[in-house]
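Starting off with a structure, shown below.
As written, the chain order gives the labels A, B, C, D and E, with residue 1 at the start of each chain.
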Amino acid sequence: MTSTTTTDTDLDLVLSAEGITKSFGSVHALRGASISMRRGEVTALIGDNGAGKSTLVRCLSGIHRPDEGSITINGSLVDFHTPLEARNAGVETVQQNLALIEDLSVWQNFFLGRERTRGFGPFRFLDSKAMRSKADEMLGGLAVNVPPVTSKVRRLSGGQRQAVAIARAAGWGSPIVIMDEPTAALGVQETARVEGVIKRLQDSGVAVLLISHNFDQVLRLSQQVWVMRSGTAVAGRRAVDTNGDELVALITGAKAA
Amino acid sequence: MTSTTTTDTDLDLVLSAEGITKSFGSVHALRGASISMRRGEVTALIGDNGAGKSTLVRCLSGIHRPDEGSITINGSLVDFHTPLEARNAGVETVQQNLALIEDLSVWQNFFLGRERTRGFGPFRFLDSKAMRSKADEMLGGLAVNVPPVTSKVRRLSGGQRQAVAIARAAGWGSPIVIMDEPTAALGVQETARVEGVIKRLQDSGVAVLLISHNFDQVLRLSQQVWVMRSGTAVAGRRAVDTNGDELVALITGAKAA
Amino acid sequence: MNTTTTATAPDVQRTTPADVLRDARHLSFWAEHAAPIGLVALIIVFSILSPSFLTLGNISAMLTAAAILVILAVAQSYVITTGGIDLSISATMTFGAICFGLAFSGGLGFWLSALVGVLGAAVIGIVNGLLIASGKVTDFIATLGTLSVATGLALIFSNGRPISVLSPELLQLTTGRIGIVGYPFIIAVVIGIIAWVVMFRTRFGLHVQAVGGSEEAAVANGLSANRVRIAVYLISAVLAGIAALLLVARVGAAEPAINTSYLLNSIAAVVLGGVSLTGGKAKIVGPILGALLLTALSNGLTLLGVSQFYQPLAVGLVVVLAALLTRFQKR
Amino acid sequence: MNTTTTATAPDVQRTTPADVLRDARHLSFWAEHAAPIGLVALIIVFSILSPSFLTLGNISAMLTAAAILVILAVAQSYVITTGGIDLSISATMTFGAICFGLAFSGGLGFWLSALVGVLGAAVIGIVNGLLIASGKVTDFIATLGTLSVATGLALIFSNGRPISVLSPELLQLTTGRIGIVGYPFIIAVVIGIIAWVVMFRTRFGLHVQAVGGSEEAAVANGLSANRVRIAVYLISAVLAGIAALLLVARVGAAEPAINTSYLLNSIAAVVLGGVSLTGGKAKIVGPILGALLLTALSNGLTLLGVSQFYQPLAVGLVVVLAALLTRFQKR
Amino acid sequence: PSAAAGADGSAKPKVAAVIKGLDNPFFQAMQNGIEGTAKADGVSATVQAAADIGDTTGQADKLTTLAGQDFSCFVVNPISGTNLVQALAPVGAAGKTIVNIDQPIDATAAKAANLKVATYIGTDNKKAGGKAGDFVTKAVPAGSEVAIIGGIAGDVTSAARIDGFKAAVGSKVKVVQEAAADWKRELALTRATDIMEAHPDVKAFFAANDDMGLGIVKAVQNAGKTGDITVVSVDGNKDALQSVKDGGLSATVAQYPYAVGSLGVQACEVVADGKTLPSNIESPTALVTKDDADTAISKFPQPFEEFDNPLTSLLGK
């Protein structure tokens, strides 16, 4: 925590992405971005609109497949074809758009894609009771004020939704949790709650990747900051060694890294 | 600018809303909110998610009709049935969702609802040349880096879109401009540009209503701050008389106004 | 202006029992239940106007007549839940019937022929699914195309002629009954129950609803939207194939004629059942009741001897009225 | 890891000429132009296979035969641009034809009867518009309902029998021609031109596209989405009424039979013309070419003596292929 | 005078036929009649059909397409009395032969369009309905309840057959209901079942075509009333004849579509030979009951009773 530089041989490295490129038709969203995350740290990813932050996150969480580059998790190379594979490798993500389904209930959203079933053979039915109580417990454990897990997401306010999405990502004990602008649309109270969750995750040894436009938040919460510009990570800084002005200069390109 | 209280008899009052209520089915979004705006000032509206800020904005801009309450503009009562009426009364709004149409070009979006035509009688055709050059001029005057006005909005980045929406609202010389979270998703550079636009509007005598979750921004830009909680404006403060901590306390209800 | 309005409790999202009651007095209550309410209303009206309407014989006849539409409505409901639509459903049924008829005349025997019929229909379903899921063709156009293709194939295979099918199993299927309920309706109900259990009690059903609710979110949560879509069109086609067997059993022949009315009625039944065409909200019982409603409407109008000219008018009015009700549905 | 990658110029949004060229080599170029490309391909194939295809007489016949579908495709294109769909379009045409026929047999004379026919159709359009705009009924269901209602009314009014209309004006309409181009196609082209000018050169047309692009944004910009929607369904119905006159002129009688094929073909023509069913992207020339393509397809298959049974198959395959192309369209 | 008529009278006509929808076996038999006779006589013939029974303009379009080619004789079976008149106008103007089969072209419309039809060959649908009506009046006691099931509401053929039926039964039986079953077997079954519920005493059904008749037979069987209820239909399709034989349908009025098609081609040949046609050729219709079902089946698709073909002598065969 006191070292000011990261090295590639760091034993604490849980995730590293090297030279990731990704194009959509003629739009080159990523042009060889490299970042890394360490165990028990909050790593921040900042950059202007369209810098490629969300695209990088989508590559890490299996929604996109990078055109080039490699992703290493706990020392072994991975190649995600689907979000499920990323999940199974221990990467949980809170997408920028939350990825909740409005017409389903809170617990159904919680377990989407990893439902628990009872019965055997072709006769496997949803074990809704177990899932409801587990979802209740997970939300409760985060001490966020949410309505019953049986209510539809459609009836939830923006803040409540964000809480559900974050609790879902945080609740599986995954070693890596990525949050894409989790507090962008949140009010003060909600923001404070989410920051609390991030701190608690960090304390329990999880590596958190936080995307945010809010430098105060970034400097307050993170240990390592990556700055993206035009599809590449142009600079990496230890949070203690930098300040808002330097970050702005790095983002705008006024200062070379 | 140095007075620390607003009074109802203020001659500079350009807009005041009194006791606005609005319900959607069983959801009481507004429960008698009252705010006012003064000429040449930036008025901020803050509050937690779901406090009713956007709903109030939508009432002021003619999208919703309040269930109860009155809106006064330049001393005369108004009752908007459509957004067009609000526009004609001098209220321009940048909605939280920007209200741009992706499949239309920039200049078409600019003039939507107030197109210029040539010809006479039933044979009135769009004067696209005039509109294109006017739109170009309006965008250029704001000195924002945008692509040609003939390109489709779909091809614009988030920041560029925000610029178009703001230029559109700012470009008609309307005395009142409302901006609902104009910088929520913007990066540092884009945010700085938008703040520049707001200051310029203010300098030219326009009354600006700014909704934002960012207290630094609010305190930096505005002269008057209204705090909303649960559908009412619980407090009004002159910006010079308050600080972030007080605003947080007012928003959360930790401190009564 | 500096005076403070006291903040009321922040219960914006809470609904009180009083609200619920007020809602029930409002139209949204009626909207959620357009099909059962309409059905009960029709039954009351018709049984007052015609003494034959509520006789056991007529009820039995109605249920048997409703069986095919019930199955198609369940099929269409799966597709519509994902936000799609299957315009080829009745053409697929026709195609399945012809496949069955040909196999049977070819001497394959009832069970094998039935399998051929269902598999024939399934092929159309897979084509639909692949076009829509992998080909990214709009559901509307893909199934409009396969509607034409299936119709053409049915005409070509059958050479445009009905194929008589006389088999004891088929006869059993039409005439067999338990109490007053004929086998066709029993089959339809069994299919309805299975469809309900699959939709609401299995992972697959949850995934169907999730893809309909938001494909992007579903994919981000590790579901394969393509696989779900293909499965749904396959289910629709297989059910159309089963309906084809009932159709052949009912008339004793496989006919290449196009049944546009089954297509429109299957969609109308689903909408009457309270399912929104935008997807994400699954219902099975509603569409079944919608199918019964449409069958009862046609039966009652015939019993009353209402002129054939007034029947489309009556059906149109019922559909529009029900839709007007449904719009008050809560989201 | 602390080393800096030099930032490249931020040209993420800029498209270079090279990109455009690459795009053209890609499928999106073909997709935007599915209708003209398909039309040219068909013309080449048919004129090789049949010497009669490109004779003046056959071209003239094709154009006349295409007139009604061209008008309906233009009508449907307006509706689809707002993101709606008009399933009642062919039933409205039938209803308009019956109104015209009744007025004419009632002795109102050609011009007044024509007005009655168009007004009759317009009523259905207004009902559609009110149901969809004010009643907030899904377009699909509202027009499905009025399809039934209009059919019923046409049957009731005509007592189910065709009404012969023998008028010199009508005869003139069918037989008159300028060069090889018959009056019906000239009328269709004039309607197409007016529709194009209105769509792309007037405020109303811009508003139609805006409402289709995003109703919410259009309303926030001071447009009345309801008024636009009602207008669009009214336009669709009025054009269907004009098509009804051509229909009566062609078959010499106003007949109460529904022409379902016109409905499906009008939608297919619009989609072939490169218009997406989600709305917001207006096209007029494309749908007209789509209508010509479908007419040429049926004409060519007839010339080649292809059996009736293979015709739906061919149409279905063309629709699916064109849709597969269109999916590569750029957004 | 036919364009292709040679001086020696041995010229063969080039025949184009446009008939109703091939989704009905009736018109398939008609097509077979045209093609079979053409082949036997060494005449070239092209047959096109409407997509379905409601496809009036599509049929006209097909005819227009063929009109532009070098056919010398057009055999047409229009869907309605008027729908082909406009399309035929250029054919008539070019002096080509027009032979009208099955559904008569509306005389006033033809006159208005200056159209000369060489001959009309066909069965009066009204007469066919009449034969069915006569049969029913004999088969059931006077005053019995009778129901009618027609094709698509508003269809011309259906209306003609039903009108004929009603005229024949007059007031001898009581027509309790008239329903539409869109020419479909399944829908006829449903309608008949419903009608039997509403009118348990119904003694006879008349269906406007065989397909619907077979559906009604099934409904009667399901209700266990086989033998108690008389079912008559019109067409004389193979399935229907078989059903008559097996005791399902009580009778069908055979219209011999094969013969109609065949006569159409022969009429073209007569004109090509430079001879004149009678203005009206009646093709046979016959009521087929259980007694003659076997004969009818063995002769199918030819008429089972000898009939006087005026064209045979003209062709010198």
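The rule we apply is simple: contacts are C-beta pairs under 8 Å (C-beta built on N, C-alpha and C of every residue); 3 or more make two chains touch, one makes a residue touch a chain.
Keep in mind it's a predicted model, so treat the numbers as computed, not measured.
Among the other chains, the CA centroid farthest from that of subunit A is the one of E. More C-beta pairs in contact connect the chains of D-E than those of the other pair, out of B-D and D-E. The most distant chain from subunit B is E, comparing centres defined as mean Cα coordinates. Averaging Cα coordinates per chain places subunit C and subunit D 29 Å apart.
In whole angstrom, the spacing between the mean C-alpha positions of subunit A and subunit D is 48. One finds 74 Å separating the Cα centroids of subunit B and subunit E. Those residues of subunit E in touch with two or more other chains are numbered 22, 153-154.
Subunit A has residues 50, 157 in contact with two or more other chains. Among all residues of subunit C, those that touch two or more other chains are 12-13, 155, 159-160, 307-309, 311-312.
Residues of subunit B touching subunit D in their complex: 61-63, 82-84, 87, 93, 95, 97-104, 108, 112-115, 117, 124-126, 147, 154-157, 160. Residue ranges on subunit C touching subunit D, taken from their complex, read 131, 135-138, 140-142, 144-153, 155-156, 159-160, 260, 264, 267-268, 271, 276-277, 307-317, 319-320, 323-324, 326-327.
Residues 22-23, 25, 28, 52, 150, 153-154, 176-180, 182-187, 189-191, 193-195, 197-198, 200, 211, 214-215, 218, 222, 239, 242 of subunit E touch subunit C in their complex.
For subunit A in complex with subunit B, the touching residues are 47-51, 157-159, 181, 184-191, 213-216, 248, 251-252. Residues 50, 52, 55, 57-58, 61, 65, 155, 159-162, 164, 174-175, 247, 250-253, 255-259, 261, 298-299, 302-305, 307-309, 311-312 of subunit C touch subunit E in their complex.
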